[in-house]
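One chain, chain A, links the two complexes that follow: it is found with chain B in the first and with chain C in the second.
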Partner chain A sequence: MILRGILLLWIAAGIILAFTWAPLVPVLQETTRVLYFHIPSAWVTVLALGWSMVASVLYLYRRRLEYDDHAGTAAELGLLFCIGATVSGSLWAKAMWGSYWNWDPRETSIFFLLLVYVAYLALRGAIDEPRRRARLAAIYSVAAFVAVPFLMFVVPRLYDTLHPDPIINPRGKVDMDNRIRMVFTGMLLGFTGLFYWMLNLRVRVLRIERRREDQGRPMEVAGA
Partner chain B sequence: MSASRSARAIWAILRKECRSEWRTRYGLNAALLFALTSLTAVSFAAGRLGDRSDLLAAFLWIVLLFASLASLSHTFVREVEGQTLPMLRRVASPTEIVAGKLLFNLLFLVVIELLTIPLFLLLMAAPAPQWGAFLGVLGLGSLALALASTLIGALIAQTRGRGALFAGVSFPLLLPVLAAAVNGTRAQWQNLPVASELRLLAAYGAALLAVSVLLVDHLWEE
Partner chain C sequence: MTGNNVVLAVALLVWGLLFYYLLRLEGRIRKLEK
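Let's turn to the complex of A and B:
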């Protein structure tokens, strides 16, 4: 309860500071501000995918449905943050590069993650029986993970990146102002906290639902 | 002794697949019709493309992908629909079943390609390919395609919609194959080296094979 309040205040403060206190990077100007939302979203996207994979592998070895709750929920939240990262990145690309979409390597990798998330959730949606759903989704999750490094490697050779590294660098690596770094790190922590809070909430709901179902079933049988 | 027993089981499954496919030719007909349809669509839409090797490479793989997606999940769906999978699992291990189906899918792809590619080269007025490089990309690409679609086919056969989801769910796994194969096919038409694409396809195929071996025992529950 207290932690939730702190998280709320933390992110609210981050948003206010991002728009009022943090300075602008010369090259990026007003678009600097997308940095505090776009990169944390992209980070949570990757974190959620990683967590979903780990939970999937754990499920295959331990066969406890709690792990599947984690895998499925992390993927749902990952999709949410992935859409956020894609849309904010696309808007930024329009402002800076002049086009919403250009199959830049970064755009390609986020699009691929989007595709994996959607396919994974579609697969889950097509299976009713919980244990079978957990097992098949976990298998798919591991298989899709294998494709990730290959795609990162092959696609940049298909399409030239729209802008060379030096243009992208100022927003993250070289000239990061101390105030920018503080707000950025704060938002990164805030988004990670937000993900953890949402994941935890959803997993608990799923656990309660399953317990109620397990308790409900004998009564239904007795009633029938 | 057990290795030769496994080899016999895989061989038996491959023969059984071929026989039951030949009995109806349902999958083969669907794939060939699909290949012909997409080939006609491409040919009508783009005309003769003899001097555009970049477009030729892309269209060739789109036609092959469409044709194969139409029926590569069929081997497992057929077992589930005919309720023959429990019987099959009594006589063979998951690894043997998947290996047999993989070989069948590979054979299936080769047949589709034998019929589709000459027609494609003819209709699109494509220049003569460098056969070594072309067949290398085609072979390794088909192998990776067969590996990915066999694994996903086994999953998809156990879902509610069965065939319907196959294309969408297998696409993320096929994307690296498609990208590398299109690159390699284009490179050989432009007289560029294809060694790096071949390496990439081979590495991806090996990775898919490794992951299939690791996951195969989880495919079906007791």
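Let's turn to the complex of A and C:
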């Protein structure tokens, strides 16, 4: 419970500081604040999809359905945060470029990433037998994750893009005001904590569902 | 009230609601785990 309270205050403080204390980047002006939500969402996307791949490898190695729960849940959350990053980026694009969607290389690559993981969830939804679903989904997840660094880091650097420079520039340095850096790092940590909490809740629901099904008593947790 | 404060208030409200939802969900899960 203490950790939950810290997370509540941590992210609330991050939001307040982002709007009242951190300075604006001259080129970005008011849209600077999107940075504190957009990049942490993108970071959690990579983290979640990476964890989905690791859990899939663990499932293929040990054949325990708990790993499949982690793989499926992490992919769902990765997709959720990816949608968050896409929507926040789209709002930023409207303010800076005058249009919500421009088929910029970054937008196009994130669109393909969304398609890859929507297909993963469709595959999971299409197979009823748990072990068969887990095995096929694990193989797909490992193959799909190959596309993640390619679509998120390589493609946008191969083509000219209107998107601002990445946080870590080509010289390997982080050019950021100290106050922006503090709030930004805080939000990265806060979003990571939020992801871990959501992952934990969903995996616990799946565990209860399996236990109840084994006992012949299916259950539903609203909204879970 | 400036637009900046409105966006700040909305962001805090969304975070508060999400936190409350997750906390209630965790409470239900704890009951089912017993």
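Following the convention adopted for this analysis, the second predicted complex is superposed on the first by the 187 of 224 C-alpha atoms of A that agree within 3 Å, B and C clash if a C-alpha of one lies under 4 Å from a C-alpha of the other, contacts with A are read in each partner's own complex, and residues count from 1 in each chain.
Operating definition for what follows: contacts are C-beta pairs under 8 Å (C-beta built on N, C-alpha and C of every residue); 3 or more make two chains touch, one makes a residue touch a chain.
Small disclaimer: the values here were computed from a predicted structure and weren't measured.
**Q** Scan A:Val116 for contacts with chain B and chain C and give back first, second, both or neither.
**A** first
**Q** Could you say whether A:Ala138 touches chain B, chain C, both of them, or neither, answering first, second, both or neither?
**A** First partner only, chain B.
**Q** Of the partners chain B and chain C, which touch A:Thr20 in the superposed model: first, second, both, neither?
**A** Once the two structures are laid over each other on A, A:Thr20 reaches chain C alone.
**Q** Please indicate which partner A:Asp128 is in contact with in the superposed arrangement: first for chain B, second for chain C, both, or neither.
**A** First partner only, chain B.
**Q** Counting touched residues of chain A, say whether chain B or chain C comes out ahead.
**A** Touching more of chain A: B.
**Q** Taking the superposition as given, does A:Val146 touch the first partner, chain B, the second, chain C, both, or neither?
**A** After superposition on chain A, A:Val146 lies in contact with chain B alone.
**Q** So, A:Met53: does it touch chain B (first), chain C (second), both, or neither?
**A** Neither partner.
**Q** Of the residues on chain A, which ones does chain B touch that chain C also touches?
**A** none
**Q** What residues of chain B sit close enough to touch chain A in their complex?
**A** 148, 151-152, 155-156, 158-161, 165, 168-169, 171-173, 175-176, 179-180, 182-183, 200, 203-204, 207-208, 211-212, 214-215, 218-219, 221
**Q** Please output the residues of chain A touching chain B within their complex, sorted ascending.
**A** Checking each residue of chain A against chain B gives 60, 112, 115-116, 118-119, 122-123, 126-128, 131-132, 135-136, 138-140, 142-144, 146-147, 150-151, 153-155, 157-158.
**Q** Residues of chain A touching chain C in their complex?
**A** 4, 7-8, 11-12, 15-16, 19-20, 30, 33, 37, 197-198, 201, 204-205, 208, 219, 221-224
**Q** Could you list, by residue number, the parts of chain C that touch chain A in their complex?
**A** 4-5, 7-8, 11-12, 15-16, 19, 21-23, 25-26, 28-29, 32-33
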